[in-house]
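Common to both upcoming complexes is subunit A, partnered first by subunit B, then by subunit C.
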Partner chain A sequence: MSPLLFYFVAGIIIIPALAVVLSENLFHAGLSMIVSFLGIAAIYAMLSAPFVAAMQVLVYAGAIAVILLFAFMLTHDIMRPQQETTRLQQSASAAACLVLGGFMLRVMAGSGWETLERQAAEGIPVGKLGESFLTSHLVPFELVSLLLLMTLVGAIVIARKEERIRGDE
Partner chain B sequence: MKDSWVHNPAGEYLNHLSRQAIGQEIPVLLLMVIMLVIVLVFLAVSALFLIWLERKVSARIQNRMGPMLTGPGAFKNGSMWTGGLLQTAADAIKLLLKELIIPDRADPVPFIMAPVLIFGVSVSAFLVIPFAPALSVADLNIGILYVISVSSLTVLSIIMAGWSSNNKYSLLGGLRSAAQMLSYEIPLMFALLGPILMAGTLSMQGIVTAQHELGLWFIVPSFLGAVIYYVAAIAEVNRPPFDIPEAESELVAGYVSEYSGMMFAMFFLAEFSNMMLVSAIAATVFLGGWAVPFMEIPEDPTLLYSLLGAVVFFIKMYFLILVMMWIRWTFPRVRPDHLMNLGWKFMLPLAFVNLLICSGVAILQAEAERAEKVLHWGPVLGLSFVSLAIVFWALSRFREKEGQHYALVPRPLAVSEEDQ
Partner chain C sequence: MIGLFHFLGLASVLFCIGLYGVLTRRNAVAVLMSLELMFNAVNINLVAFSHYRPEITGLAFSLFVIAVAACEATVGVALVLSVYRNQKDIDLEHTNTLRW
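Up next, the complex of A and B:
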């Protein structure tokens, strides 16, 4: 991986990420987040992990971010996008960022940054990934699916409740 | 290049030619530009032709003549299929000359980016489509996944267009489109999973050769999947009867309401290139792609075989596009709630059934390979029959449930006394 290309892609990730936080316009923040996601996918592709890169685009940029924008469009003030923030919101988010950033810096400082042998250039075959999901990583895989199921059931419960109240009236 | 996860068959061929001609390879950047220009020109010319065809097909179905005056032929020879060939070219020139109007209260950056993004996405998805053995810009080992993931960004540009126009019709169109495309992406992906399982690879070229080795197009064991894919694909490209995001009688033109000139033309071009894209995927995955029937795939494809393959591929692709046009001018628009019911309650469960059937075929294949025996046709055809039967059962449900949940036929506005 050439360093110049890496810095270029890193810029694509970091500059929109800053825009997400600093932009007052909710919709612009959402769009910048998608650009950032695409940059991360580019990094995966450069690391010979095409499957993960495609999943990053499909799941994050194509689904999660779109649902996020969808939710923005359903908010009442969308035609007046400049959202005002209160002092309390700003200080709370600053504190959360500091805690998370400090934690990540600690982890980064603890890592030895060993360089691994470069994976085979053809990338990891998808079949191998699937095999490891169903053998050595079966428990985490099943746990994740359980988590997703719980989210799904939770969403249905929330949606159903509203309907029942409407039915009672 | 050989040991990388991305191959460039067309580029390798061009390099081969250039080595013979001037003794050295083409620089990588120049090669990329050449490839991109070829794909762009193909898409633009093909779209020009398809727009003309669409107008002619609609004219034929509605017993009209369609465009007749522009271009060679005109009225004189009496056949409606020869007139107006250059009408779209004239329209394109007109659109080029028109002013690009950006509404005063619109959000300019997403407004301008949306049409560029929607066309860019469909061009980049086209890069992995194998038109012929040596004619695909990139052969990724995750080919079909790449197409799906890149084209999932289409909905993004529609949302951008809808929101940044600052117009209630545009916004409603964008919202509807987001809901529709997210819902139909899921049955679409599950319908493609079946053939992927049977082929055992995600590479587009690999899927073509796998069908050739099996001796059957994947549409046979996965007929159900092919039908689901086709219906979901029509919904994905927002074509009638699933064009509620731009329903002209209620939303003006939905998310394209505020666009003019070339920016509108980009949306129009993207609609047609997306049609080509989904038809090309269907032709590759379900209809055997470029593999010429009754001919062995040569180890090192000759130019003749490649040309034959391209012809075979384009016949399949344009036929599927023609069917899409036929459907467009035959069925009335689906109501939004019917649309959601059809996607989530009907097509998704059927897509799971299709996956089961395809896994059955995949297991049979694996068993035959393990026992080093030839694959028996009996069980495979039996499973295919199950698939076919389910499609007919599904179609019969539409008739029984007419006027209820799944009906594609809209409920009459006036309720008769018998119904009450």
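Up next, the complex of A and C:
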């Protein structure tokens, strides 16, 4: 993997991510989020995880991005610039994020993880991943399916219009 | 030579960008988008570690994280729509009915 390719993809992730948090126009922010997600899928492909990359494109760049863009269009006059936070809040948040980022990078630099060797380029085959879902990771797998069902029901219950039945008064 | 540190550094930068968005955005959907960036940063970490160690757990849990993030986005959007229906506004400064 050439460093040039990595930095190119990192730019494709970081620059749209900055647009997501800084852009005045929220619809543009949503669209740049999709670009960022696609860049992250490229990172997964570099890390020899093609199945995760495919899921990233399908679920994140497909489903989640569409859901969030729908939410924009249903709730907000998107062309109206949003109410801004104050300069003080922004600088305090930026300082907190910079401190946290610097701390994380410092811990990583001193951790010795850099010496870990890269695995074989073909990575873990999807078949083994599926096997692990039905053997060693069975409980979280079933919990996720339960969570998806609960989300399905919960989202309908929360988002539907409440119509009170006034028969029994 | 690109190593594990590069991927972890990229993930922490992305995490901090997402955190900044969560702290400064006032639109609820924009906060959800920044949250998704933070989810993705964690996911990059999981996949990177599973690539540099002979472990399948990181890869498996990255898929679980994707599923949980989809659930979170769905319920979050449902809540936003519900709040919007009641208040005609999803500015987080104004949704303070439950604030003590």
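Couple of notes before you dig in:
Please note the rule applied: the second predicted complex is superposed on the first by the 116 of 169 C-alpha atoms of A that agree within 3 Å, B and C clash if a C-alpha of one lies under 4 Å from a C-alpha of the other, contacts with A are read in each partner's own complex, and residues count from 1 in each chain.
In this text, a contact is a pair of C-beta atoms (placed from the backbone, for glycine too) under 8 Å apart; a residue touches a chain by one contact, two chains touch by 3 or more.
Remember, it's a predicted structure, so these values are computed and weren't measured experimentally.
Looking at the shared chain after the overlay, A:L31 reaches subunit B, while subunit C stays out of its contact range. In the superposition on chain A, contact is made by A:A63 with both subunit B and subunit C. In the superposed model, A:A54 lies in contact with subunit B only, and not with subunit C.
Within the superposed three-chain model, A:A109 lies in touch with subunit C and out of touch with subunit B [touch as defined at top]. Of the two partner chains, subunit C is the only one touched by A:F6; subunit B is not. When the two complexes are superposed, the chain touching more residues of subunit A, out of subunit B and subunit C, is C.
Shared interface residues of subunit A, touching subunit B in one complex and subunit C in the other, are 48, 51, 55, 63, 67, 70, 74, 123.
Per the touch definition, subunit A reaches subunit C in the complex via residues 1-3, 6, 10, 13-14, 17-18, 20-21, 26, 29-30, 33, 36-37, 40, 43-44, 47-49, 51-52, 55-56, 59-60, 63-64, 67-68, 70-72, 74-76, 82-85, 89-90, 93-94, 96-98, 100-101, 104-105, 108-109, 113-114, 116-119, 123-124, 128-129, 132-133, 136-137, 140-141, 144, 147-148, 150-151, 154-156, 158-159, 161.
By the touch criterion given at the top, residues 27-28, 31, 34, 48, 50-51, 54-55, 57-58, 61-63, 65-67, 69-70, 73-74, 78-79, 81, 120-123, 125-127 of subunit A touch subunit B in their complex.
On the side of subunit B, the complex with subunit A involves touching residues 3-6, 107, 109-110, 140-142, 145-146, 148-150, 152-153, 155-156, 159-160, 162-164, 166, 171, 174-175, 178-179, 182, 185, 200, 202. Subunit C contributes residues 1-10, 12-21, 23-30, 32-34, 36-37, 40, 43-44, 47-48, 50-54, 56-57, 59-64, 66-71, 73-75, 77-82, 84-85, 90-91, 93 to its touches with subunit A in the complex.
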